[in-house]
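Two complexes come next, and they have one chain in common, chain A, joined by chain B in the first and chain C in the second.
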Partner chain A sequence: MTALAARALAPASAGRLLRLEIRRNAMVWALPLLAVLFVYDPYRTASGYPPVWDVRASVILNHMLFDFGAFAGGLAAWAGSRDGRRQTRDLLAATARPAWARQAAALAGTLFWVLLGFLAAVAVLYIQTARQVTWGGPPLWPVAVGAVALITICAIGFTAGALVPGRFTAPLVAVGVVVLDLVGFREALGPSSAYALLSPSAGALPDDTGLFYPVAPDVAIAQVMFMGGITAAVLGILALSPALRWPGTLRWPGTLRWPGTWRLPAGATGPWLPAVAITVVAAGLAAAGTAAGLAGTARPVVSGWEIPALHNAASDRPLAYPPDCTGTSFQVCVHPAFSFFRDDVAAALDPVAAEVAGLPGAPLSAEEAAARGKGALLGGVITGIPPVYEFNGERAGSLIGAFQGTTASASSSTWRALFQQAFLDALVAGPAHAGSPGPASPAQQAVVTALLTAVGSQVPQSHQVAGGGPPGEPSPAQIAAAANRFAALPSAARHAWLAAHLPALRAGQVTLAQLP
Partner chain B sequence: MNIELTDLTRTFGRNTAVRHISLEAGTGVFGLLGPNGAGKTSLLRMLATVLPPSSGTLRLLGDDPAKPAARRDIRRRLGYLPQNLGYYPSFTVVEFIEYFALLKEMPPGRIPKAVASAVERVDLGPRAQTKLRTLSGGMLRRVGIAQAVVNDPELLLLDEPTAGLDPEQRVAFRALLRDLGQGSTVVVSTHLVEDVGAACTEVALMDAGSVVFRGTPGELTALGERTGVGDSPLERGYTTALAAARS
Partner chain C sequence: MTAAGWQDPPAAPVLAAWPVPAGVRLVWLHLLSRRVPAAAVALVGCGAVLRAALQWHWTFSSGPYAQRIPLIIEAGAAAAIVVTSHSPFGEAERATGRWLPWLRLGTALALTGLAIGALQLGVTGAGLNEGIMVLARNVIGMTGIGLLCSLVTGGLLAWILPLAYMAFAQYALLEAWRSPWTWPARPPADRGAWLCACVVFAVGLAAFTISGARNSLADNA
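Then we have the complex of A and B:
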């Protein structure tokens, strides 16, 4: 057969080779275990999140990648080490097909099952999410990043197996992937450093991610570029591996000087392979380095992270959406993605809104707004004229487990009381204190507690009395006594006192003793 | 000539495994005899283009394997059974042979028939769909032979092919060798002189990396008619030739 004829037949035989590798790949045996892991980790975790596309999709990188990565890396190393472990190198070396093509088929066999399992798991996750969400569409960037991350892990594992074909290589690679995922990557890069963004693990996302602003793909692009570069470099090293096994035999531009007098190109594929492999390694390293450089310039914005060189300003524009509203005397509007809790939010806010109706600055309606970044969780603010109480999905969503009854430690009544408390805090204490659980002054605490008691809600933990207070300040017992006293007033009397004294109370000028 | 060696030498560090061998071989079955460490396997690996020679020239099937394109073409027309046959336990007999047919870049359309034929040639038809991990050593050896002959090679290199085969299979294998030798060059490295006597048209005896005898099995037998040590005439010729080379 001529070389030309062989080349023409190559795709068909490559397909058959791939089919054989797929059929006999060890990864297929790990799929049932991965399915169990998927159900018990990413699927259950996602079920505890609010039905918001980007939030549910965060388990792809934060959980699924961890579960799949260890198996993918270990079994790719197992496949890569096969020729060495099974001592078929002589047999294979006498065949016409280049080593790189043979290894590519073996790697593709592993990747086929890894990606099939991964995409099937994503499909299950997205189908479950699609049945619950009320707004938006499935995000594709996490899927792309996850797929590229698994390809990278497989490429590294396969190359490690091919270069060090021992029976311990596979478990070591699997453990290495776990360690890297758990502590290595993010910690090595520095958790607070922008370079840590290169780690595909995204960390916890605000619960309204992607609802009020689109999620900027900047970081995902940098991650894909970084991992794609590493993959290319690793595969280039794999193609060069005959040269690496006999150091000092490489001769640019593409001939290997074997021991002896022959000058043989690597893998019997012609003089171009080493040159191409070296180019691929260099290009891969350049891409990874560029991505790292880009990640270093990232800064937080409303749409997530902005990498100036990759950023599209359109990502920063708020998304238009039709608010989902209910109520007449006190209207409550939520983002359509949070329609599922609209009525519960309204049911929680209606009694306290009625209790404070007509007071100076009391909101006439409530509206869900964008969370303003992690670490500055707002319990809610009252803004605008006429006043509107703005709460956010972060506030409601952080209690979503309690709201949905999936968190054993919290109940829906707890959620309701906390939500009402946030509303009253915003009214009584003025602008919300970032991260602060309650109002600043003892009198404000007592009033909020009294109003919660008046509407029949359980007083949240942060307002409950326990032990003595700091020296010079009223003790919790004194605050509780004042709250009880205020709660015992007739509703009209409470309302009248608040109408007269709310501005002073909000300014912190009212003491416990001054409460009726 | 399908094999042309001129002053071929292969060294591993300070050890010389193959020492200045010049040899030619055409169609037929060529036996390579010799004690352990004589250099048979190193020579066979060079003929299989697995190992480059340290010095000398080598032409296979009319081409120079030092040239990448020629080497690839030689490998398409080559069959090789190494001394230690590695295999993939999870593959079936048919899959393993098909795998090597694909690696030898056989036309895909020809592969199913060629694989079936190779399986039948080594009498593994009933085991065709059996996983390799369940086969005995002798059966694995036959699988190795099947993968070597699947592409109807013009140059077939067999290193200890009958090791592990039972007598019945050995007899059948010799018949296969004779059949293959009709149209191609078959090089058989073996310790078993009866294989050489039964199947080879020509024989070379190696010792310490050199060819110390070259001739027909009959000529080797004749060497030991008076002085050799051994149970068979060919064994006596073998020991006589070795003793003469070492004296």
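Then we have the complex of A and C:
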């Protein structure tokens, strides 16, 4: 066979080698196990979230990556340790293919099944979500970050297996991957530095993520760059692994004169490979370092996290949407993604809105607003002229009243009372206390409790009588007595007193004893 | 050919300077062939990692999240135990080894005890959420799962099922499942959870003792 003919056959034989590796890879046997885990963990978790694309997609990095990562890392290490485990290194060193080509084929075989399983799971998740959402489209950045993370895990596992082909390597890599994943998750949830953003796992997202502002891809770009850099560095080390396994071939200075003089075993590498591999390692480390540096500059904004060097100002512009409204005397509008919740919100707010109608500063309508402003969670507030009650799903009623994504929880009396309490807190106690567990002053607490009682709602726990209060302050029993007294007034008398005293009450100038 | 270059074969080396009972030597060779010393190092490493996780607050201090990293490390310890079930000798050893089932039983029991001890040592004074009882129950149960898995996959891949159970139990922990089969999510004194973990361990240990892990001569780690 001529050299030309041999070269023409090379892609075909490479394809055949890849097919063999795919067919014989152990990862395929783990896929049924992963399917069961997927149904029990990410799929069920996502089903409990509100049908909002970005919120449902958060399970890809917070749950799927954990399940897939353990097996991807462990079985990649298993594939990487094959030659060492079977003691066929010397035998294979005599074959026509260099070591890096054989290892690349084995790694590609593992990656094929890992990515196939991962993308199939994402497809199932997105198809289920698409059948329920009423607004928006599927986010692709979590899929990209998840895929790159799995590639990185496979590369690390494979290289560990190739370098240390012991029986403990695969399980230890698998355990190490999930420990790292959870440590990253812990850092993402806790008060840590911006470098924690490099972890693909993230804390719970606000339920309206991606609805009012587009999700900025800055952090996702930095994560892909970081993990891509690590992958490149690890692959470079893998390419050098025959030399690393035979330390005698790396004797200084004789073997480090320049490519071509590396005395690697026959078939292990080509003369150009060490230079390329070292360049790839250096480039990978540079990319990972750059990504870490960029993550250090991140700061919270309305659209998530901003990394100045990567940020597109268009991400900060609010998204246009046609609000979904109901009601005539008191109009309630929600984001179209929360259409399924509109009637529950209206049913909760209508009675309290009617109770306070006509009072100074009482809202004439209610409108859903973004939960996050400049990175901080916002409570319900009354703004504008004429006054509008702006609420969101996160802080209505000290988190307990948050949108839970299911109408079942929305119809519960607790949620209803807490949502009404948030509305009354915003009116009676002002914006400073909205969303906090209770109004600031005892008189404000008593009035809110009385108004809730008047509309027939269950009094929230924070307003119920429990033991004695701090010294010098009215006790919860005294507040409850005042609330009962105020609630027992005729509706017209209560309304008239509030019309006259609401500004003073809101300013904290009314004491408990002054309540009628 | 002449006999000039012929030499008598070298005499068999004296095995030890002092007499070692054959039983002890048999046990030691069995442990070496299963990489038990390396497994012991791995178990001590698991204890050290658990200590580091508690010391440097890699995990939450309370609530269901607090059990997540300890559970992973316990699964790692179980995985280190069950990969020692692989024999490099295969059928030949089965045909000649009369004491093999007892050696398998003793090795698995000793390593399980060592794992619990090493992890307990790691958390001493560090305040592990749910305490040593849950730790021991998790190690016992997941080791049993791994030993059962070794009958099907062979010892080298027997870590797969304990890890899958761990991933499943993570979800059960967060969802506060009450089934005793999800024993990592149950309180320390839960009798049903103890029963399930011990039954799995007993069945796995008995099956492994009797038949040993599935063998493949291709893998010789």
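The definition used in the following text is that the second predicted complex is superposed on the first by the 458 of 516 C-alpha atoms of A that agree within 3 Å, B and C clash if a C-alpha of one lies under 4 Å from a C-alpha of the other, contacts with A are read in each partner's own complex, and residues count from 1 in each chain.
As a working rule, contacts are C-beta pairs under 8 Å (C-beta built on N, C-alpha and C of every residue); 3 or more make two chains touch, one makes a residue touch a chain.
Every value quoted in this text rests on a predicted model; they were computed, and no experiment measured them.
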So, A:24: does it touch chain B (first), chain C (second), both, or neither? first
Touching partner for A:13 - first (chain B), second (chain C), both, neither: first
Answer with first, second, both or neither: which of chain B and chain C does A:507 touch in the superposed model? neither
Determine, under the contact definition given at the top, whether A:67 touches first (chain B), second (chain C), both, or neither. second
One more residue to check, A:40. First (chain B), second (chain C), both or neither? second
Counting only touches as set out at the top, which of chain B and chain C does A:86 meet: first, second, both, neither? both
Based on the superposed arrangement, let me know which partner A:97 touches: chain B (first), chain C (second), both, or neither? first
Contact-wise, after the overlay, does A:286 reach chain B, chain C, both or neither (first, second, both, neither)? neither
After lining up the shared chain so the two structures overlap, which partner does A:78 touch, if you call chain B first and chain C second: first, second, both or neither? second
Which residues would you name on chain A as touching chain B in one complex and chain C in the other? 26, 86-87
In their shared complex, chain C is touched by residues of chain A numbered 26, 30, 33, 36-37, 40-41, 44-45, 66-67, 70-71, 74, 78, 81, 84-87, 165-168, 170-172, 174-175, 178-179, 182-183, 186
Would you mind writing out the residues of chain A in touch with chain B in their complex? 1, 3, 5-6, 9-10, 12-13, 16-17, 20, 23-24, 26, 82-83, 86-97, 102, 258-265, 268-271
Report the residues of chain C in contact with chain A in the complex, numbered from low to high. 35, 38-39, 42, 49, 53, 57-60, 65, 68-69, 72-73, 75-76, 79-80, 83-84, 86, 155-157, 159-161, 163-164, 166-168, 170-171, 218-221
Can you check the complex and tell me which residues of chain B touch chain A? 10-11, 45, 48-50, 52-55, 66, 68-69, 71-73, 75-76, 78, 80, 82, 84-91, 95, 98-100, 102-108, 111, 147, 157
